[in-house]
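Some structures are shown below for you to check.
Next, two complexes with chain A in common: one pairs it with chain B, the other with chain C.
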Partner chain A sequence: MEGAMQTESKIRVDSGTEHGPRGPGCSLRHFACEQNLLSRPDGSASFLQGDTSVLAGVYGPAEVKVSKEIFNKATLEVILRPKTGLPGVAEKSRERLIRNTCEAVVLGALHPRTSITVVLQVVSDAGSLLACCLNAACMALVDAGVPMRALFCGVTCALHSDGTLMLDPTAKQEKEARAVLTFALDSVERKLLMSTTKGLYSDAELQQCLAAAQTASTHVFRFYRESLQRRYSKS
Partner chain B sequence: MAAGFKTVEPLEYYRRFLKENCRPDGRELGEFRTTTVNVGSIGTADGSSLVKLGNTTVICGIKAEFGAPPTDAPDKGYVVPNVDLSPLCSWRFRSGPPGEEAQVASQFIADVIENSQIINKEDLCISSGKLAWVLYCDLICLNHDGNILDACTFALLAALKNVQLPEVTINEETALAEVNLKKKSYLNIRTHPVATSFAVFDDTLLIVDPTEEEEHLATGTLTVVMDEEGRLCCLHKPGGSGLTGSKLQDCMSRAVTRHREVKQLMDEVFKSMKPK
Partner chain C sequence: MAEAASVPAESLAGCRARAARTVLDQVVLPGEELLLPEQEDGEGPGGAGERPLRLNAAARSRGRVVCGPGLRRCGDRLLVTKCGRLRHKEPGSGSGGGVYWVDSQQKRYVPVKGDHVIGIVTAKSGDIFKVDVGGSEPASLSYLAFEGATKRNRPNVQVGDLIYGQFVVANKDMEPEMVCIDSCGRANGMGVIGQDGLLFKVTLGLIRKLLAPDCEILQEVGKLYPMEIVFGMNGRIWVKAKTIQQTLILANILEACEHMTTDQRKQIFSRLAES
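Take a look at the complex of A and B:
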């Protein structure tokens, strides 16, 4: 019986405290991931980015309602529950983003007429929430053994009014920023799977943020690999 | 014979056209459908517009009502968008609470209004902390033939330009608002955000302005909202196949040309309107 495996990683280019000021460049907050912590879902993962924490559970491939079944692939469903209050229109919009990202990587054709449900619960929100949700969803899908063509990760970029770029912003930095861009990148070719943005920015700034996000994603994928290696080498 | 092939293998049927760099309705890959716009047709609304993108028809009606400003921003008014996808527009929707697509579209329009700062919310305030205008923007889709986001953004922009708010003064003695319906003024529209939607096919080809069947066959969609200075208000890519940076660049340049086309059309329409 595998117990919960916990791996932590400090991914910082410059040294400093977690809550200290960060310089521009590729510096992400402290990461932590715990897999297989819930017994009922087929796969589960908890992903921590700084103080932001999201718990994900995956059920599937399981039975699907006849009204929702697709004849040649699996039906993916994502449920996002906020920390407080009832889910609203913003959650529905985020669910659609996460679902479409997962649909692009999950090999649904291997499990036709089944359903794969990803349930995400926000435990704490301290900035970069959507990126943390994406990372937790990916780790949970891996834990559940759902066949995927690539892994994906979420990276958030904040642009300040003077043009400086900041990766993985905290809630305070997001509020002060002129624009906040969240990207989902795949692990094979670092292509852009999903993007959602807030605020005004120019085309050149977009390319800059995308390039920075692609570099940051290599750290995240390396962390995924290390965390899974550690888990499977011990058991 | 072609109709039979289209029913059995819709994707293959479509690929035959894409190989020749065109689409079943005769358009090129980068061509938009005929766009028509009609402004001010709803007499009971404070501002209205009707936009047709090929067969996709969206009507926008804006009503202005009084409301108390939010406590954390006492000198700002509200703009409340709502996209309604009723069973009238497509067989895919049922009556009842808004489905997922309607909610996503409403959130998208709310984000566009917020990000592009199309109107200054301070302009909507009448009396700080006490009274402000609330603009209820209802976007109703009459016919859904794909590319609903572009049509809704355009309809909203045209309707906002058409909104006329009456002058309101606060009577000091009674502390009541007095509305002067004879004196109306247009809203100050600061930017003109225009949305351009693309559909991704087979992970490589990008086509502009997808129809409903193209949206179903596509492996991903992308919507770019740009204002007149080339700044991006929104890059909405809800999953789907991956795109490289260079493909994004091509989309940006198409979005710039589309913005020019739409701006030209809007200027023509507003110039031709007779003053009330």
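Take a look at the complex of A and C:
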């Protein structure tokens, strides 16, 4: 989905690596993020986590159909396209999760009767897809200048049958895991915005995973800050 | 290994509110809270919310601080809502506490009252024209809002024409309205933009940079060829020079200005001036 881009408008930002365990089982894969790479949307970003890569474009605040307009806030739409095939029920469900997260954070009341559309395209899926989609959506919303009350990030956690916790699992680790939990956290106080889980886990394990995700989100937010600072330092 | 359910306080500290003064010209992110100069003094070591008594009334921070684009009032603090550099302008003549705003890079325009913009007429219905200004709604322009227009003497505006006008009504709740006369009833450069020329779109940040009072780019461009230029705050620029080739060169230069450094720009201008 790269197409023909003017190289001037592409500002490549590579992350510092987030390799290396900070504690047993608490390491995230390498991140990279690129903003403003598409010329048509008002904001765009590409987020890479290990081998998982998602491209996001944001249009808005733009015109909205009268049937979909909300009188006192913006109508947020999320469209998620898988890498191959037609979008199915799994995509619809992920779209709803991402939409609920974005609605909690975007100040829709500043743009009533408009629409803000987030289009996500999966470029490659190697585990932790929903978290990567959330991160790409957040960077694209920031790039588009949509007013937000906080930033948000997604972190995935996998629990193995022996109880070990693995952050940012690959596709193979997700398949072998007993439970996979994805959390969306906000940047102000690391509060939980959205959680979706699959599998068997106990209450205590849920709390452990949430705590681990909150620690990991600090690194993601630091990466956001560095990449945005680098972007603005070029102008 | 079992991780404690409560994460240590430092990693959750998030962003404590910082004084706006200390963050000037730095990149701020959405969600950060900024303290205004008045509150900083009150947050000092006086426990239980005591404030030091001020004997000198003049030392108190004066008046209101204006909260510009990218910032919202949140209690008695400022909440940053867009990513960009924080800027401050001192008050001119003593009253008020100055203006704070966030300089962000954006492509989509949101109508603001008083902005001069270039619009494209999309429809004529009854007494008003519908003008596309790049926002979420088309703006409405009454046919009487031109210089010298009366009910008998209608302005000559067709669908597809370019209009340079300013907003008189532009808020989030109402449809934006624009006019092509100023408050004295004179056109002052506004109205239908002439034939030919080229309209192209750039980012809002570039327009603000070009329209800043001390912009060298504009002076240098002006020395190249004789031309007409109109800048709209909605990111649209209309250019007309003697030949099509010159017009295209000007358009390319202005679009590229955003990403070039000063030296690269001077090189290009000197090369063009020779040829």
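We take it that the second predicted complex is superposed on the first by the 210 of 235 C-alpha atoms of A that agree within 3 Å, B and C clash if a C-alpha of one lies under 4 Å from a C-alpha of the other, contacts with A are read in each partner's own complex, and residues count from 1 in each chain.
In this text, contacts are C-beta pairs under 8 Å (C-beta built on N, C-alpha and C of every residue); 3 or more make two chains touch, one makes a residue touch a chain.
Keep in mind that what you see is a predicted model, and the values were worked out from it rather than measured.
Aligning the shared chain A places chain B and chain C next to each other free of steric conflict.
By the touch criterion defined above, A:189 lies against chain B and chain C together after alignment on the C-alpha atoms of chain A.
Legend: residue contacts after superposition of the two complexes on their common chain; A:149 is shown touching chain C, with no touch to chain B. Of the two partner chains placed around the shared chain by superposition, neither chain B nor chain C is touched by A:50. When the two complexes are overlaid on their common chain A, residue A:207 makes contact with chain B and with chain C alike. In the superposition on chain A, contact of A:127 is made with neither chain B nor chain C. Of the two partner chains placed by superposition, only chain B is touched by A:198; chain C is not. Applying the stated contact rule after C-alpha superposition, one finds that A:100 touches chain B and leaves chain C untouched.
Here chain B and chain C are compared by how many residues of chain A each touches, and C touches more.
Remark: least CA distance from chain B to chain C after fitting both complexes onto chain A is 9 Å. For the contact definition in use here, the residues of chain A common to its chain B contact set and its chain C contact set are 186, 189, 207, 211. Across the complex, chain A meets chain B through its residues 89-90, 92-93, 95-104, 181, 184-186, 189, 191-203, 206-207, 210-211.
For chain C in complex with chain A, the touching residues are 1-7, 11-12, 14-15, 27, 29-31, 70, 72, 79, 81-85, 104-108, 110, 135-137, 172-173, 205, 256, 258-259.
By the touch rule above, chain A contacts chain C in their complex via residues 8-9, 23-25, 36, 42-43, 60-64, 107, 110-115, 142, 144-145, 147-151, 164-165, 186-190, 204, 207-208, 211-212, 214-215, 218, 224-225, 228-229, 232-233, 235. On chain B, the positions that touch chain A within their shared complex are 100, 103-104, 106-108, 111, 114-117, 219-220, 227, 230-245, 248-249, 252.
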